[in-house]
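Starting off with a structure, shown below.
Chain naming follows the written order as A, B and C, and within any one chain the residues start at number 1.
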Amino acid sequence: MNGVSTAKFSLIAIAIGAAVMAFAHWFNVDYLYFASYTILQFIVLATAWNILGGYCGYVNFGSAAFFAMGAYSSVFMHKFYPLPIPVLIMISAVVTGVAGLGMGYLTLRLRGSFFAIATLALAVVLQTLVVNWDYVGGSRGAYIIRPESLEFAGITINYIEYLFGLMLALAVLALVTARVIERSQLGFGFATIRDDELAAEACGVPTLRVKLIATTISGAFMGMAGAPFPYYIGYLQPSSAFGLEYAVNSIAMPMIGGTTSWVGPLVGAILLGSAQQYATVTISSAVNLLIVGLMLVAFVIIAPNGLIGLVQERLRAWRKP
Amino acid sequence: MDISWDLLLNAIAAGLLLGGFYAAVTAGVSISFGMLDIVNIAHPGFVILGSYLAYFININFGVDPILVSILMLPVFYLLGTTVYQVYYLSFEKRGQESLRGLAFFFGLLFVTEVSLILVFGVDYRYVEAAYIGPSIHIGIVDLPLRMLVPCGAALALFGAIELFITRTFTGRAIMAVSQDQLALQLMAADPIRIKRIAFGLSIATCAIAGALLIIIQPVEPSVGREYIGRVFAICVLGGLGSMPGTLIAAMLLGIVESLTATFYGPSWAPAVSFGFLLLTLAFRPAGLFGR
Amino acid sequence: MSALLHVDNITKRFGGFVALDGVELMVNPGERLGLIGPNGSGKSTLVNCICGTLQNESGSVRFDGQVMDGLAAHQRTHRGIARSFQLPRPFHSMNLVDNLRIPLLYTVHARLGPLRSTGDLDARCLELLEMVGLAKKAKQMPRDLTQVEMRKLELARAMAAEPKLLIADESMAGLSHSEIEDILALLVQLNERGITVILIEHIMSAVMSFSQRLAVLVSGKKIADGKPEDVVRDPEVVRAYIGQ
């Protein structure tokens, strides 16, 4: 298809990622690492949500559940046999990918609205199970001591920088994956499901199979975003892992940025994420959530195609003589 | 097996009373989701809003909470019609209900909850009324009035809605619009107006449900979330749009939750309703009584 | 010669309402079958049951010697059944070429194996658009089309799936006389290439000139099935449908 090839795009993305990493390393302020980590995490979550929600049109209210599953699988492994975080990320990907597949199998035969409710239900059931599971700390929570630094090939890396780097890599991976999907036959199939599922079936699109692929990929990425979380936060409680802010943000960010391409979640995550970081520090965390909610409602009404939709419309109007 | 009959009977009784209350909370969703096909997940948020309004007026003016809610009915009705108008113009007209409509209501739920946190804080609030405290004893079964009165009010509300839907012209028009909008148009009734009235009604029920809630238990802003699953579980179980089905499903859920809480502990209770919902959706989306 | 499509005594209910009541229908390979009946008689339900959009409760649907019951719609499309929808259902977010690309990618490709190059796909899409007279609007979006053009797109999309059996569900409503002639010529052309066609229509002139055989559905039951000239004179058919 048209535009920059996937290989070129991946190289550009990796190059930008490396540049960001180098810049951050030069700056070397711990607080910036912490704040940016959150934003990068949201880029992954928003992009992952958008694969099922924006591309396929199936709204998932249970993003927090997949994120928490990723976090708790790390906690579980940590108690069982400590492993380096990249391995934990891969384990989370498998666990939450399978969970996404399972959830999809149970719920994707339902209409869109039923599906959305079912995802919410699944999230609460999962949270209840975790709260009652003492091995991972239950409602008391689990402590994970974050080391000061990491030794790798003779170099000592500041641990928080290490976490930042991992999340940056995940973000790049998520964005490249989203773009690859968008331009592939699979992405086409996703779009037909979003536009008219009945017609898609009639044209030969195996809609159930395609939707299952979407939930698996989406779930896997959300879990991967959650895998390093216990190390980042040090003390993991079900209420924080399953927090509603993850569900709202993973929906609000793509909706505000724009759901039809990989750019939307990126833009939404950076803008909304930064605004929230600022608001939490200057005003309060409750107000920042209120702003997210209001912006979601406003954007959904006024700009259904998000910010990039608005930009596209401007460009189209400007191009017509 | 040595089950304590005392415990069992009380759990069932509590479950029935709870179920009656659940039916009141779900009544509005039966209308908005069952008949209008609008997934208003902000419904529990409006219920909590009703709870807080009842609390505020009760604490500051000493008015009985149920009375407050009846006075609040027009306000909530207006809120409902306004929300529907926005929803219709922004989404239904453009044919984009599914994704954006859901996000819209989700956003509303969130905004409501966080606004309440900002105004009232996260402490639990409760109301004061003469019937909170005493219980009636029938044999070994205790019936706390703070549960009995709301259950009675809930059943009254339910009955009123059922009568409205089946006996008045507007009510029957609402049933008609849920089945065949085009036919309704041809009969010279404006379906949009009918739907707006119906949605207004559905939100009006939140005023009463909210007052009943805060009589039964202390309330804080995030309590609404537990009810999302319950409400849709009952709706789906009962068969969409069937009021009698909704009542029975509500009672059933109330009893199962009560038994679970009594014998397995309250921390498992949320899993019950949401688990029920999942099982129903997975195996019998038409509900127990649906067509 | 065995039938291509055998609708064997199927019944379909919606709650208490019986939409199809023991409908029996056979279509031979290469045949041109017309299906008529009043609104609400179950024609679209029948199409939905044949295509897999709905599943019949009893009886069975056999196509090309295979039982179709339980198969999803997309599987039936892969096996060679294609349909146009009565109310057009285009893919709104794609232009016309891309709309046609979907059945090519997901049905034709699924059958034939290695993917044709993008150039071939584009050429085929334009060819199909040319056949229905929409080539000039190839890069436009469905929302820029008139109702009539959307119906033509529906037909083109069904044709794109290279079916053995094409069911055209009321594609001609609202078309002008010459447009109807164009569509009929197109369907005859497809039929000459070996595609079996079921034409569902209210426009009697089109049905009469096109069909080799005519079936009539009233209130979920088939009340007539035979040569067009005989069927239209059948008193029961006249009473139920034509003499209105």
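Convention: contacts are C-beta pairs under 8 Å (C-beta built on N, C-alpha and C of every residue); 3 or more make two chains touch, one makes a residue touch a chain.
Everything quoted here is computed from the prediction, not taken from an experiment.
Among the other chains, the CA centroid farthest from that of subunit A is the one of C. Here A-B and A-C were compared by C-beta pairs in contact; the pair with more is A-B. As a whole-number value, the distance joining the C-alpha centres of subunit A and subunit C reads 43 Å. The centroid of the Cα atoms in subunit A and the matching centroid in subunit B are 32 Å apart. By the touch rule above, subunit B contacts subunit A in their complex via residues 33, 37, 39, 41, 86, 90, 94, 96, 98-100, 102-104, 106-108, 110-111, 114-115, 117-118, 222, 225-226, 228-229, 232-233, 236, 267-268, 270-271, 274-275, 277-278, 281-282, 285. Remark: subunit C residues 51-53, 72-75, 77-78, 82-83, 85, 89-94, 98, 101-103, 105-107, 110, 118, 157, 160-161 touch subunit A in the complex. Every residue of subunit A that touches subunit B in the complex is listed here, in rising order: 53, 57, 59, 61, 106-107, 110, 112-114, 116-118, 120-122, 124-125, 127-129, 131-132, 139, 244, 248, 251-252, 255, 259, 286-287, 289-290, 292-294, 296-297, 300-301, 304.
Touching subunit C in their complex are the following residues of subunit A: 1, 185, 188-189, 191-192, 194-196, 198-208, 260.
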